[in-house]
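Pasting the structures here.
Okay, so chain A shows up in both of these, paired with chain B first and chain C after.
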Partner chain A sequence: MSETTLDQVLSQRREARQDIVNVDEPAVKLVIFALGDQYFAFHGERIREILAQADVFFVPGSPASLEGVINVRGDIESVIRPHEMLHLPESTASRTSSILLGHGGGMSSGIRVDRMVDVVDLPQSSIQPPPATLPEHMRALVLGVLKFQEQPVAVLDLDKMFSDYARGLG
Partner chain B sequence: MAIDIKKFVIRFIEEARDHINRLNDGLSTLESGSGDAEVINTIFRSAHTIKGSSRMLKLVTITETAHKLEDVMGGLRDGSLQFSPTLGQLLYRAVDALSGLVDTLAENNDVTALPAPDDILCAALTQACAGQLSQLPSTPDAVTPAVNEPNQANSAVDKPNQPIPPHIPAILPAQTKPAPPPPLGEPKLKTAETVRVRLSKLDELIKLMGEVVSSHARMRQRLLDIGGIERDLSENAGPDAASHLHQFAQLLKDDVQAQEALMDELHDKTLLMRMLPLSIVFEPAARMVRELARSLGKQVECAVIGTEIELDRQMIDKLADPIIHLIRNAIDHGLETPETRLAAGKPAQGKLTLSARQDGSWVVIDVSDDGGGIPLAAVREKAVKKGMISAEKGAALSDQEAIDLIFLPGFSTNSIITDMSGRGVGMDVVKQAILDDLQGVVNVETRLGAGTTFSLRLPLSLAVMRVLLVEVDGLPFGFTAQYVGELLRLPSSAMLTVAERNAVIIRNEFVPVVPLSELLRIPAHLNSAVDSANRSKNDLGMLLLVLRVRNEKIAVQVDELLDERDMVIKPLPEHMRRLPLVSGVVTTGKNELVSVLHAPALLEMARRARTQAVRVEAASHTEESHYRVLVVDDSLNTREIEKDVLEAYGYHVTLAEDGLDGLRKAMDGDFDAVLTDVEMPNMDGFTLTARLRQEEKYRSKPIIIITSREKEEDKRRGVQVGADAYIVKGDFDQSGLVDTLRALLG
Partner chain C sequence: MSETESCDTLDVVVFSAGGWRLGFEARCVRGARPAGQSATNEQEGHIAALLGLPPDNSPPTAAQWLDIKQIAAEDRKILVAGPVELQALPVASIHPLPPLLAARTRLNGLRALVLQEDIDKIVLLFDVPSVSHST
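On to the complex of A and B.
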């Protein structure tokens, strides 16, 4: 008696799972974060790790946009402040800020963000092409825009940001 | 000297294969059209190196082919030739020929087994060099018989004697031939006593060892922590409660120390496994000296000292090229022909010394000759003519800066190109190899007519370096020990203000002082908490870290010395390596990351800041005087400071580095005043003063002695030999000097 019930339950479950798999729209993973009061996102495959707590060490002679270096399990990684590149006002350090470890454009580095918002899987179709009203300096860096929690989010091109940054340092 | 040539041949093969890969890479980059000057340079250098090292082993065929290849690349480099696909094919063929020759060598392991050079190929290269590209006859057999013939033993692997199918472009013969199996080891190797281990495995072991050393530093920190807890506990809960902890802390301390001793030994032993004696580089080099000298019609005796000193294998590998270049330069440019030497009153036989000595955890390698010295005037002129510096700048350069010119890429003073050197390829390679690859320092001493010494100061190993940790504004910073001269505490009153900047006198030498915090421009939000602590420390005097880069010194003022230890230096992330100030990062016991500062960059920054200050100063003293002053002092820093002071007041200053040099310059020129130090090599200041007084033109000119000798009898002696003024460095300040000078000149 009980066995039958178990089988039934299992088969129901299986069907239920199949239903979910059948919804077949290409999804993208996005890491959404805030700089000041604006929302931005990177593609998930570009972000290796999110560090909530990390001691950043000052490196003399580096530009202001380079906050310092961190020790990630024995590897030395830099921490970049993206504010200047995006023409945003410098924000002061706060307890909510995190570091995203990203790789792209031939380099890898931490990126300081003011606040982590969420890591989500969204259908590809929810991302719109960047609007023509975007300011000049943003146009090269933005891959697309979407709405998240009623807020506009700009999806940033990490490859481009990093390669621009590395060139700026050279 | 009996030399086992086989081991050098094996090393040559490894090295040459490396360079051949680079040649192939470079050519394919050029072919794809994306090649720039740097790519051409790389190809050029590789060809140059193959040429050089093959010459050492008398591999005539390889030398010849590489030389031709280098010629063509030289043409590409100076723009007299343009790269074209046809030229590319020719170059490829030359590289293939080289590769074939190296393979032959690897198979037979016998220097005499090499075939004669391929005349057709060499002729084509020579023509190409003259700008005439001719299509080579395209049957590979006819073109590269020298290459293919000895390869037959090898081609047993890839279908012997099969004619190359016609659809394979004939211009790329034999390129895809697989590399022959590595030489089967030296048959004479006593297998019972040695084991061959892959270098990469050894490296992994050493890297792991480095991590162990780093993590042990944290153990030491834990000891300090527990000491703190113990103190807290005994204060709060009384000594009885703390006694158990105390016992535990003592035991822990013993354990940590015992383990540290074991670990240090283990670490040393691991590093030793990679050590090789310097004789591997020195012995073939000595042989090369004799051969080069003979071919140039010079008589050279070569002395080799310190071949038993062992260096990390990685260092030995990278050391061979710079040493070859230095030797070649010494024989070609430095040492004179027997006739010239006899005319100059020297023995006909020149002497070239290769010496190595250990200095703490450093090894100093000197390559010195007793030749003509570097003609600095010619160096300046050449640099101006080549457009590397402007004429005014050329005239203003100090001797030391003029010496630095020879390290610029493309610089060479010899107007005739020989096949030894004189292409200006050597010195920039030397500098790059020593500074970047070997983490060392180059020092050049040269005296016209007496010879030149290149000193290479190198760490014994690259895996671990001795690092000094200091604190500034509450932040730690590291310095690698090769640049640290000394650390000393001086009372604040020892500081002098000279030409708008601070300096102290350390053993008869002015050393400029710069607060490290000022040079590093530490952001304000990082150093807020320590201002008061700083001030209280000032009462103890200034803590000065004297950095030495070549002959130049600078004292950076720091707040505290934190630690001095062998540490594993980790590189910065790739994109940050262009930051000049920081050469790497170390991890401390507290798991902090500390930037290791690059002393040459600090000196450069300080110099730039100083030039600006002097300019401002000079602008404020607009009174122009046209007096010419000769400053004689053996310390570079002192000379520079006195020069700054005097130039700020509008005097024209000429520098001389010892009494003899001073006398010579005084006789050649016509100076209105002479300032001289007392203690100097070759001729001291008293003697110089006395000698000048015998000369008609200096009988009544002011001569000022500036020295740190305060004794009354010294002053008397100074007056006796005819000095007009005697200034003690201790009470030296700039207006005093200028006032004295002004009074004497009227």
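On to the complex of A and C.
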């Protein structure tokens, strides 16, 4: 009969685990979407939910970029259209459009996007700093850029977007 | 009304303006009386102008004067469209404004939204002192 004890086994297992060197790069989850023909992304931890369909109630006295409010299981959230803020042409809501429920800057809101592209885990290193050629209005909102499916993707700062929107931009 | 019931509902005077259903807390409203056929949307004290609602060209239907209790001044009359109803709204159906809407709304005194199940239209609740002090 073996004289090995459980303590020894567990100790060996712990040592073996410590010997494993994690060579994985830090990964980042991105929610990638399209506005018109341009790709954008939010960090995954900023997006609580993706709604393919929701009844939006228009509220009078709102700016054109505030589409209305939605009822999400008993909670009311606003729905904003980020197009104006990003200097993109307005598009009408279509069957492919979705609402991303995001939180940032101590606020939460729905964000209307023209089309969901993907939710992906990518190496942190795939995100590059914003290029110097980025238009002025985008510089404060873009955290970085990457290529996805051969398309440039701008990763947006949701904290900044919401706080700027609350201050009257867009 | 029992204590439990009073906590579960809020008494609201609901009325119309510009095709929307709007409301004031009932405790701030002394009463309502018909305004007669001569009431117009341009009339002083019309609710739409006080709230900053978009202009409405349709004539006010079943117009009524609401007598508003003032906090530190004399009472005030506000012209609204009917029907004017006293409703006990379930507290669960009354929602604070989402922060971005609160920051960007152009309506004076908008405080909350009412969404009731099976009713596909919202009711906008206003803060009476803010509205009655706006000009």
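Note that in this section the second predicted complex is superposed on the first by the 145 of 170 C-alpha atoms of A that agree within 3 Å, B and C clash if a C-alpha of one lies under 4 Å from a C-alpha of the other, contacts with A are read in each partner's own complex, and residues count from 1 in each chain.
Assume contacts are C-beta pairs under 8 Å (C-beta built on N, C-alpha and C of every residue); 3 or more make two chains touch, one makes a residue touch a chain.
Note that the coordinates shown come from a computational prediction; the quantities given were computed from them, not determined experimentally.
Peer 1: Clash or fit: chain B and chain C on chain A?
Peer 2: On the superposed model, which is not a single observed complex, chain B and chain C clash.
Peer 1: Tell me the contact category for A:S62 with respect to chain B and chain C: first, second, both or neither.
Peer 2: After superposing on A, A:S62 lies in contact with both chain B and chain C.
Peer 1: Considering only the touch criterion stated at the top, classify A:S78 as touching first (chain B), second (chain C), both, or neither.
Peer 2: In the superposition, A:S78 touches chain B and chain C alike.
Peer 1: Classify the contacts of A:Y165 with the two partner chains as first (chain B alone), second (chain C alone), both, or neither.
Peer 2: Both chain B and chain C are touched by A:Y165.
Peer 1: Examine A:A52 and indicate which partner it touches, taking first as chain B and second as chain C; both and neither are also allowed.
Peer 2: In the superposition, A:A52 contacts neither chain B nor chain C.
Peer 1: So in the superposed three-chain picture, is A:L6 touching just chain B, just chain C, both, or none of them (first/second/both/neither)?
Peer 2: After superposition on chain A, A:L6 lies in contact with neither partner.
Peer 1: So, A:A140: does it touch chain B (first), chain C (second), both, or neither?
Peer 2: It touches nothing on chain B or chain C.
Peer 1: What is the shared patch of chain A, the residues that chain B and chain C both contact?
Peer 2: 55, 57, 59-62, 66, 69, 71, 74, 76-78, 107-109, 165-166
Peer 1: Can you check the complex and tell me which residues of chain A touch chain C?
Peer 2: Chain A reaches chain C through residues 55, 57, 59-63, 66, 69, 71, 74-78, 80, 106-109, 162, 165-168.
Peer 1: Would you tell me which residues of chain A are touching chain B in their complex?
Peer 2: 55, 57-62, 66, 69-71, 74, 76-78, 107-109, 165-166, 169-170
Peer 1: Name, in rising order, each residue of chain C that touches chain A in their complex.
Peer 2: Of all residues in chain C, those touching chain A are 18, 20, 51-54, 92, 95-96, 98-101, 103-107, 110, 113, 115, 120-122, 124.
Peer 1: Under the stated contact criterion, what part of chain B meets chain A in this complex?
Peer 2: Spelled out, the residues of chain B in touch with chain A are 211, 475, 477, 520-523, 526, 570-576, 578-582, 585, 587, 591-595, 597, 601.
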